[in-house]
């Protein structure tokens, strides 16, 4: 605590996750001014058939 | 935003997800009166060994 | 279980919450085909200074 | 409702999940004093490349 | 990490929260076998007009 | 979508929220490479009597 939970699509490259976690933690550290070790970041990856935007599945948007 | 996150068991048929996202979005649109494109719906599927109800795993309820 | 968590702005009128919960539950019931009593819906209300969209607080968007 | 969502690393042994759900439910039951059947517990398992602590992915901590 | 998020109704007495956090942490510690200091528990309190069960707001169930 | 939900203590100064949302969005944009307007950030503020760390409420840690 504090923590951040990210919900997004699949991230293929672990280096992108590495940078994302570092930068989110930088932002949290600046806001809450607690020791860096306390911040937790969770990246949640969602398949496109499980996400709807504007009432449509992402998997259907890509088709159309 | 606004968004809805659904937690439930696995859904085998993508058509059920399609209808679920559409109907959840209909309900959100009616409540919040924002442009349809802003609503996000996430469907989270949980394996039965990771869900407890009444203190028991679903996987054990099915056995008993 | 299954459940839905809604994240959105403040809803002033309890009748809107009543309809929202009923319609979200209708959609869940149709998708998961479980007894109606098992579905839980949580409505989370967020103040506009705690929500960012496109990198800006909602409170600032309204001003600009 | 009430419910608990657990976020943690992968749990290899289903017996550990079984005990975790039972004990979390015991704690909820004692706090909220509702019939045991209403409590839901979700266990979320996260791969180490999707969790950051102190600004670093768990997968990198294990290497160093 | 690991962490637990509890969603429930309002808890009037802080001693109940104190015991709930201690017992949830006991259960997490037994399951994950990590140092006790790493576990975080969040208690979320929901007003009865923001929770639906079986398609009805809690606030309406209490009336009927 | 993608979105980030931040869980932390109360933030007294709205300027800190403003910067936090901007920087979290910067990090998301760099990772997911989608148009900036799609990212949503929610800041959740928790009272110290509702957060446990290491099995103790924050409110008790401050006393000891």
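The letters A, B, C, D, E and F name the chains in turn, as written, and every chain counts its residues from 1.
Please note the rule applied: a residue touches a chain if its C-beta (ideal position, glycine included) is under 8 Å from a C-beta of that chain, and two chains touch if they have at least 3 such contacts.
All figures in this text were calculated on a predicted structure; none of them were measured in a lab.
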> Which chains does chain B share as contact partners with chain C?
Replying inline: D, F
> Taking each chain's centre as the mean of its CA atoms, which one is farthest from the centre of chain E?
Replying inline: A
> Is the contact between chain D and chain E built from the same residue numbers on each copy (over half shared) or from different ones (under half shared)?
Replying inline: same
> When B-D is set beside A-E, which has more C-beta pairs in contact?
Replying inline: B-D
> Cα centroid separation between chain A and chain C, in whole Å?
Replying inline: 21
>> Quick check: how many Å separate the C-alpha centres of chain A and chain F?
In response: 13
> By residue number and range, which residues of chain E touch two or more other chains?
Replying inline: 1, 3, 5, 7, 17, 24, 26, 40, 42, 51, 53
>> Which category does the touching pattern between chains fall into here: line, ring, star, complete, or other?
In response: other
>> Show me, using the given definition of touch, all chain pairs that touch one another.
In response: A-B, A-D, A-E, A-F, B-C, B-D, B-F, C-D, C-E, C-F, D-E, E-F
>> Applying the document's contact rule, which stretches of chain B touch chain F when the two form their complex?
In response: 1, 3, 40, 42
> Mind pulling up the chain F residues that touch chain E in the complex?
Replying inline: 7, 46, 49-57, 59-60
> Which part of chain E faces chain F closely enough to touch in the complex?
Replying inline: 5, 14, 17-18, 21-22, 24-26, 29, 36-45
> So in the complex, which bits of chain F are touching chain A?
Replying inline: 1-9, 11, 16-17, 19-20, 23-24, 26-28, 30-32, 51, 53
